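The structure is given below, and queries will be raised subsequently.
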């Protein structure tokens, strides 16, 4: 029941842009969340994080090149915000559209003065339901903007590392922060695959113990999720590869060294997805063969019992027939009618014959291996 | 029933050019529709749309380079029209053939002075039947011709945007209008896929609630449609890529920027088609496993009831046998024949034994998990 | 029955060259048909077609460069003919071998002074049996030779066009005639696929109306034919592509423009073949699910009837037992033996109980949806 | 039975080099066969073939550049032989290892002064068991060495052609002899595929006439063999392609022209293998559908007979019940107990009712098409 | 049972790096094993092998360029060790991370002054459980470091060859030792595949003799292992190819010659894996068809016996009915009620009719081939 609901709640993430709308016009849904803007300002010495009311002064803030900035924007409910980005930071309209129409594939595009990138952030909620949301990046020389439609994310560890100042996250510039976020997103894929891998193991255990219908539901559920994650990880791989081969000055060679690592991880993700898909296919095969096997066993029971008792019942039926021993009118004896009934040991013989038939059949079925 | 008809009405779109006809000769079917020619004349200041009787003066009209023109031609029932295009606008015969033989794959071909392109327009009629028609483009420096065999189309939003003058549709030249049309066609694919995605979800719900034969029909129907849309979207993707890499001066760099967007959409279409195909395959798997499961359950009922009652009936049959207690002639007692029948509590004991057998079988089946 | 024979008659077209024969030696089977040589001689003004006895004077005839020649050779039963080709026209031995060993893949090979090409001509005979034969081409500057082992072909429309002189078939040179023939061969594929597409539609209708075993046979038959046509069309595509990219002066740029069209057609063929293969696979899936469904229905009938009547028969059997009401010797009453039989309304009550059991079972099966 | 054994006898050809042995050390098994060395010495005028005791003088023999030599070595039971090859002819140790460890894929490798190549020779023994052995080539400027572990081969036709001197086999140099051998090996693949193609046809006929379990065994057997031949033909194709693109002076342009032919053949082999694989898959599909169909028919018979007779037997059972017509003690009549039994025409009516039920059921099953 | 446990014990090797950790920081698990460091010091004259306490003096040791060193490190339980590597040998932090996070794909990466490579070592324990561990390499000009998390490995033969000094293992430098180790790892794959190939053969034998459920379990187990080995061998192939094409001076041309050999082996591994996968798929097909066949046979037995005896039992039931021959009250004869019972030979005739029915049914089933 629970399973059914989980399967049912899963919605395809195929949001559809209304056909025929003019491209490059930012469309803000009336249900869009109030934007929450967090500014992280850091260099090798200091780190500060504060909430911004709006992006009004952002161009001025970014002029201080002695800092690296991460502007973390969640919620799109302000048309003005996007206007500022277009006007003050000179972001192309198509980019702003791609940020707000949150069904882009992972990709990277180089523009004059900035780089635009999209990652798909996968989160597994407490019901193991896969939430697939878009994180968009705008990378400038000293700042990284990230955009997300909803408030939840998986970037807490990055914020912790910024605060702690461990590693070179504070000193390696904005592109390194972008790497750190992209890397954590890919790492989350590992965790999700780990969950499913365990669930597949658990399904397999159930397959061996007591296979039932839920195995089919659960495996299909995992298969769907694997289809979704694969749809995400292939273009993610291409995106990381594009970044690796990009010659934009905004992406430092040091960052590329790390991106290569994330690229390796992404290939591993794809490997694992393919393996898990094969494993779930083979679980389904096994399940179907178990159903067939069980059917065979059910039929064997039916056939053995029917084959033994139906002929015996027939014999009993014969001696239950009422052929008269005397003519009802004349009262003359008709001894030739069913003489067995008047044999002194007729009953005994009949029972022995029945027993013999039963034994022969049991031997026959035994030989065919039906009792194994 | 309804489903059956829908499946039956679907026709393969494999129109066949008569083998052996000379290439490049325009062939007008006698059932061809009367052409309806609409001329859209626009620049940054004005926009006008009017019906043309014929293309006679089109060469002269197009000479006014201060305007961008969109000549929207529907219905091919005039041989003269194609002759004018060949003569006055110098369009290659092969191109004219490709326009009229409406089973081309999406493609783009550059000729001297113009670009020829083909899109496949997919429309879903009220019966959810997929209508696959061809829209051909001829793009010159200041004009776009579109050709469609029938009157219905999905371009109303483009006409609205031309009228409204929003965005840069009026000022960005003829290639931008071509982009706008191509983009809307691809966006229609999204809508259609959305319909099918919902239908697959609905099928899945039915799978979980009350699976019946119609699931198979409906899924196959969707699969067919997916096959058709995939046949269209792969070459569409190639076409858009060819436009991106084209160095024809007729396609502006600005337009290419937008075409890149349409190209991204087209890749997403392909992604979604593949995902939906996998989902429908997995629905069929699930359905087949449900049939097998149901079969198992039917057989279990039959086997349990038969296995319990057939042996009991046999026992009842034994004590229904008429072995005589006296010799019919001599009248001598034959007490050894079926002495159980004369036991004071024979009936009771028999019933108890029968009950015991039934209970043992129930326990046996319980243990094997057949009651679960 | 008819179907079976059709399936049986189909022969694999895997003719085998005898292993170890010396390459380049023309091998003429003794059953080879008498050659029929037709010379078509044409230019923009005149057209003549005549039968030739042999190729003896062919070198001299071809010297007249003011004409384009098509030498149409059918039947290989003359070793002398091939010797003349080797000696007078300087054709490589390997080429002559490839002409006579008629199981080549479509291909094109450039030699000094001529181009050698192979097409596979598919014909559907009246029994819808696929005949797969080889048409070989030798293209020189002003002549085209075609070679076919048997007399039947699908080139009549080309001959008609030559006679009629429509289009540029008379003036565009020998390579254009080669194109015209190759194009008509590919067009024939369309017609054949059209036939199969219709047959698949008809099979699908039968699937929905009254599925029977013949569906499997017919679909397999079509699948086989599709496998054959795919084996032919992939290399055909490669061949046309090779011609497109060829820089041989024998193939004019104008011809290449047309070849591009044939290439497009060939890609469409491949698309259609793949689609039809998927459709036939999905027909088979549907058929198998229908068999399973039908099995379920059969089993339901059996189970419902058995489950209702077997227990009732058991009850009837109980009251058919002959437990004695009196001791046969003493004649003493044994009222405790089957007292129900002596109940005034025992029969009525029994019938009521039986009816109740039956009704309960019907309700049970109804609830499980077995009557739907 | 015979089939089973054939299937069982088949051994995987996955010989395993002992892990960790030093590479390049020739390892001679103690069971290795005594080497049989045949020297073929030929030029345009003469041909001689003689057995050699050992390779001691081989370097000196090969110095006579007016001859072409083919040194045909079978059996590896002489370590000295390989030492001579290494020392006198300067053959790399890794090459010698590859010759003796006979599980190489087809490949070609160019070394200083010689070319090393490997072909897989497939032979079909009288039990249609596939024997997959390695033939290694060392090609020098005027000599060809071939190495085979066992004595049997398929090269007799090449020896015949050398003796007969037909074609250019004697004059075209050592690389042409290598081609001739490689070509005959590929041609043998055709013969083997021909055998299997016929067997598949024969299986198909059996499928249509009387399908039984052996169809599954036989098809699997063919599938296995197809897997093996495909494993061989893909690298064979690559090898021939490598030779075509090789710029080694040892391989003449003339030979390359012929190799192109062998390459075409190899592609055809791959085509045929794929087609045969699809055909055997479709045979298995058909077989499985036939099993399901047969099951349906068996179940129909059971269900029809059970459904008709079980209810009738129940009715008979009712009137076989012994409800008493008189109280055993008081002797009072109990006419309400089973009054039907005392109806004058009770038996007749009962039989008519039974007949009616049977007829209704037959009509029901007829309508559902179960008698078709 | 044993099988079940083996299947159950198998764990996915998808270790997961904790998301969000800073890259390039070496993370040492508290359960990490105490490092065991073995230094092999060799040149053409001498060979010495000794245990090292720590890596403290390693930089000094390596300064002696007259020796080649192999530093074999097992167990990662010392953070200091990695610090030394980073500080004294200048190894990049990301490399050290990749060494310790042991779920890398096989890869090779060139750094300044050294080459980093990863191999996956597969070991089959006594329960045929596949152990997949990582062996990392750092190759410098005169030294090779290998890193393994646990103590067991398959490198004993390499150590033996170093000791024995056979071949050129002592003189060919550090890259040759790396090759020797990589080669032995790939060779181990062959051994493992050999084991599974044999097991598949054994499963196939069981399929032919007495197919049971364990076939499914065992085949799935092998399939899983094949999935794992394929996941390892594809990137292994890419890695070896990368080494072949590398232009690092650390990898000598001589070594590359040998690597080409290992590369060939790796391609063979992939071939074999694919073949074994197809074979196990075809085993499963065969098994499923056998289950279906067996089902058919079970059903045939049931149907034959039921069809014969159910109608006969019905007839017996008819003559077991108690239609009275006299009116219980009036005592009047009712001879029309069941006159057959009073036929002198009624019983005989009945038995003959029953026998006839049985014989007709047997003939019917015989004709349908059910006794075959």
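Letters A, B, C, D and E name the chains as they come in the text, with residue numbers starting at 1 for each one.
Here is the rule we use: a contact is a pair of C-beta atoms (placed from the backbone, for glycine too) under 8 Å apart; a residue touches a chain by one contact, two chains touch by 3 or more.
Quick caveat, the model's predicted, so the values are computed rather than measured.
Student: Could you tell me which chains make contact with chain D and chain E both?
Tutor: Common contact partners of chain D and chain E, which must touch each of the two, are absent.
Student: Counting shared numbers against all numbers at the contact of chain A and chain E, is it over half, same, or under half, different?
Tutor: Under half shared, hence different.
Student: Provide the C-alpha centroid distance between chain B and chain D, rounded to the nearest whole angstrom.
Tutor: Centres of chain B and chain D (C-alpha means) sit 40 Å apart.
Student: What's the distance between the Cα centroids of chain C and chain D, rounded to whole Å?
Tutor: Result: the chain centres lie 24 Å from each other.
Student: Which residue numbers or ranges of chain C touch two or more of the other chains?
Tutor: 288, 292, 295, 299, 302, 306, 310, 313, 317, 320-322, 338
Student: Quick check: in the complex, which residue numbers of chain E touch chain D?
Tutor: So the residues of chain E in touch with chain D come to 154, 156-158, 160-161, 166-167, 169, 183-184, 187-188, 190-191, 193-194, 197, 200-201, 204-205, 208, 257-258, 261, 264, 267-268, 271-272, 275, 278-279, 282, 285-286, 288-290, 292-293, 295-296, 299-300, 302-303, 306-307, 310-311, 313-314, 317-318, 320-324, 327-329, 334, 336-338, 369-370, 372.
Student: Can you list the chain E residues touching chain A in their complex?
Tutor: Going by the criterion above, the answer is residues 4, 7-8, 11-12, 14, 16-25, 94, 98, 103-105, 107, 210, 212-213, 216-217, 220, 223-224, 227-228, 231, 284, 287-288, 291-292, 294-295, 298-299, 301-302, 305-306, 309-310, 312-313, 316-317, 319-322, 325-326, 333, 335, 338, 341-342, 344-348, 350-351.
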